[in-house]
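There are two complexes below, and they share chain A, which is joined by chain B in the first and by chain C in the second.
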Partner chain A sequence: MKQFKSIKRTYGAFVNAGIQDFIAYKASFFGFFIGEIFMCFVMYFIWKAVYASTGRTDFMGFSMIDMMVYVFLTHISGFLIQTDATFSIASEIKDGSIIMRMIKPVNVDLSILFFEFGSKIMIITCVFVPVMVGLEIYRYITLGYVAFKLVRLILFMISISISYLLSFYLNLIFGYLAFYLLNIWGFGVLKEELIKFFSGAVIPIAFFPGVVRKVFSFLPFASLTYTPVMIYMEKYNGMKLIFNLSLQIVWLLVFIGLSRGLWKWAEKRLAVQGG
Partner chain B sequence: MIEVKNLKKEFQKTIKDPGLSGAIKSLVHKKTETVKAVDGLTMHVDEGEILGFIGPNGAGKSTAIKMLTGILTPTSGTLEINGQIPYKNRKEYVKEIGVVFGQRTQLWWDLPLVETYSVLKEIYCIEEKKFRERMEFLNEVLDLQEFIKSPVRTLSLGQRMRADIAASMLHSPKVLFLDEPTIGLDVVVKDNIRKAISKINKNDKTTIILTTHDLNDIETLCERIVMIDKGKMVYDGSLYHMKETYGKMREVIIALNNPDEIKNIKPDKKFGLNADDYEIEKKANSVSMKFNSAKVEIPDMLNYILASVNVKDITVKDADIEEIIKKIYKSEVNPGEAV
Partner chain C sequence: MIRFLKLYRVFVAQFIKNLMEYRIDFLTGATSFLIGQVTNILFITIIFNQIPSLAGWKYYEIMFIYGYSLLPKGIDHLLTDNLWNVAYFIVRKGDFDKYLTRPINPLMHVIMEKFQFDALGELITGIILVIYSSIKLKLTPGFGEVAVILITIVFGTLIFTSVKIACCAIAFWIKRSGSILQIFYMSSDFARYPITIYNKGVRFIISYVIPFAFTSFYPAAYLLRGGNGILCAGKTMLISTVIFGISIIIWNRGISAYESAGS
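Moving on to the complex of A and B:
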């Protein structure tokens, strides 16, 4: 219990610093915020036009409202799970500044994670909440009844948190590999391409032969944003919901284990650059 | 307090032939070379001691400090500090130590300085009351007040260094490692930092290991020095002893009415000194003469100079530690034999 308290205290400080750091860049944040709102409206009008031109109320099983929720939520989820972990860790390893983390009684990965939490909290309050409120008001006006369900929001938050952690640890693993491939830039591009490939962004997963498709659908890459969004939209229910959440959790544990193991191994072989 | 035995660290360095073809070749076949950065270091430091850890560039000082602070795992050898083995349980171990790497900062770059201190307060679980007392003390010795609310990126180098030293000592560490804490600072700031280090050492009985290239730091702070070169220890002893043993070369600064008269001073003829035993050098407004005081007594030399030329002003300098160290670095003297 006492240990838990001190952990909370230590990493709470990192969250705090993360929030302040985020605020320190107010100007760029407002640009980002306005850009996001603008993007949302652009998407709204594009889809409105699509539905108007087909003259149908249903498009691949999605009503216009469904589509709106899907598009907005996917877009915001992308922000929520976005992480700079690869870059943070790799550049710190490369220029040796990682030693400044190592001389403190903290875990290297957790100190980066909780610092990033700070900016996530800001994004949730400043972007996620307003957009969701807007979306639900829109849903209410169009449908004429309250479609919002608190349980779904909570499940969504759980799922998206796991997705974020997944993406964080995956990025961290790539960052640690910078121990060996000290020039991370080319490596970063490779990582992006690999993830795109495995998530079906390069070649749609549907185009692969059956077995491969099956394997891909069990990999966590494609579902990082898809799973939480489907949960919110009540497309995943019952066993399907439980299965998909469990799959996420299993993958998360695998990635955490992998990254911890990799760090332990690398720490002993670390040759800090410079100084 | 600190016990180091036969400590070694080897690095694998990849060597690449120059140019594009070299770069491509190194992709296919990596050629590596072993660098012995620290090569069998043995030393002992007592509690409350300030140890000057010196040596030429690339001697292995920073590498040794990185092992002592638990960042690097030694290739071989043992080390124990404050009853703990640094690399074994880094997170526990670092609670008791403070570290400053002069070329880096541990401050949050974009946040006001105070924020770094409040994060550190939480990381080290310092109580509010203790924290305030400590801040007051550090503020007094390092004078942080004027910039404590400014973002770190706006601080000058000297301010940043003071802030960094304060950050390393906030949790009252038992051992403090300072790797070039005075690098790039002006004389006044250097002096302040030295005073602060000395006060902290007296106040808390902090054991301090200090590396520096500024020998004034050493002279004002350290009773004992350890000198290493190419990863090996070349001297371990007091500063006084070093001066006594190797400080035979003394320097006389002579200001002349007519600079050309210097030709009249011929210590080789007069005292039969070898070329190694003296050196005359013209400076902007004066002439400097170094000579071996073991061969010629200082009064004799002064009398000779005063008799030979018209002197406007004359000074005899104290045994210059810088000279001694330069010689040891250049391996002109071998302290290993003399110690």
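Moving on to the complex of A and C:
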């Protein structure tokens, strides 16, 4: 309890700063958000045409409503797990301002993490809740009954929290690597595209042929958005659910270990010039 | 105009030198845009393994439309990428003053300053897709078709550039318009697929409000299915000229409203 209080005292300020930052730059966030919503609607129309062309109600195990939940939830999950860790760490290492984090009695990664918590709180209230309500109303209207289950939402929240931490540490590692490259922006886009592809954001992993699907679902990228979305959609049940949640945790631990190791290594070699 | 081209050569030469120095950067940038496109193509391919046609369009026709949409988008991306910087940072930081003090048209200067080679990722994918799907569809373009291709690519590029100029100019009033630009730019995603799959509202918007459909679907549909080539090229020219005119008016008003930011 005492320890918790001290963490709260130390990092509470970072959470606050994160909220302030989000409010200051809300315009640019909503720009991206509306852009993503456009993309969701493009997908909506494509899938509508696809289902109309097949004449079936089922496409590789997904109904039209499933597909819509998948498309919107995947995009929203993308926002929930999105992190600027790569960029923060890479640019701070480059311009030397990382030293400001190192001389404070806080953990470098935790201070960035808590800063981001602030913006996540805002995203959940401003984006996640309204979109989910809209989605559930859509489901209710098309299905004629309430498909929403509280247990699934709670499981989803647990799973997406692990996803976020995983994404954070994955990005932190990318950040340490970006140290060697100058085009952090290009590198970031490349990373985003790869993650999008391997995590099933464009094509559900279930649509890939046999072996590819098996490999993809074991990779850490599937643990990012695919697992929580599948849990919410009740595609993962029983043992499969427990297995996939555990897989998420295993990957998380691996990446925390890796990033700590890399940081120790980088810390020794870091030379900050000027001031 | 000759002076402009001369200057442009100097700027490009400068930029190529820069590029030679940061070769890996260029590779990462171009590869990232390439991978983005390849993912989308895989998506279409996987869907088409299950269905024979999408709203009446066959696989290679969809590929052709998709590839065609990348050509004007890619050329615009290659040439006018600096507008993004103006919208996001340059006006906000007060750095725009620099352009106003030079003896060149500020808009020309902004555009000339940067040559974005990342765009080659999109352009190359587009060219490959268009050529490959034309072979598969046994398209044999005659003189008329080639003319339509050239006209629509040039004026399609102008549509992209105009939308960017207009959104970018908003920054002169509100200091930062990157997100507005982002929204309008992303709406071009609708034009990558046959617009017949959309409902009337969306179709109207991407044809006449933010006319991205004229950069890809209309010309591609003409080349695939035939129709009135002169009407198709003419409409594209007319619409892009109108939108370009509007964007220049907004830009000029913006410049006169511009007050330097920063200290």
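Assume the second predicted complex is superposed on the first by the 213 of 275 C-alpha atoms of A that agree within 3 Å, B and C clash if a C-alpha of one lies under 4 Å from a C-alpha of the other, contacts with A are read in each partner's own complex, and residues count from 1 in each chain.
Everything below uses one rule, namely that a contact is a pair of C-beta atoms (placed from the backbone, for glycine too) under 8 Å apart; a residue touches a chain by one contact, two chains touch by 3 or more.
Everything quoted here is computed from the prediction, not taken from an experiment.
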item	value
Partner chain(s) touched by A:46 [first = chain B, second = chain C, both, neither]	second
First, second, both or neither for A:100, with chain B first and chain C second	first
Touching partner for A:190 - first (chain B), second (chain C), both, neither	second
Partner chain(s) touched by A:20 [first = chain B, second = chain C, both, neither]	first
Most chain A residues touched (candidates chain B, chain C)	C
Partner chain(s) touched by A:125 [first = chain B, second = chain C, both, neither]	neither
Chain B residues touching chain A - in the complex, by the definition given at the top	11-12, 62, 66, 69-73, 87, 90-92, 94-95, 97, 99, 101, 103-106, 108, 110-111, 115, 118-119, 121-125, 151, 179
Of all residues in chain A, those that touch chain C in their complex	27-32, 34-36, 38-39, 41-42, 45-46, 48-50, 52-54, 59-60, 181-183, 185-187, 189-190, 192-194, 196-197, 202-203, 207-208
Chain C residues touching chain A - in the complex, by the definition given at the top	22, 24-26, 28-29, 31-33, 35-36, 39-40, 42-43, 46-47, 50-55, 88, 118, 176, 178-183, 185-187, 189-190, 192-193, 197-199, 202
Residues on chain A engaged by chain B in the complex (per definition of touch)	6, 9-10, 12-14, 16-17, 20-21, 24-25, 96-97, 99-100, 102-107, 267-272, 274-275
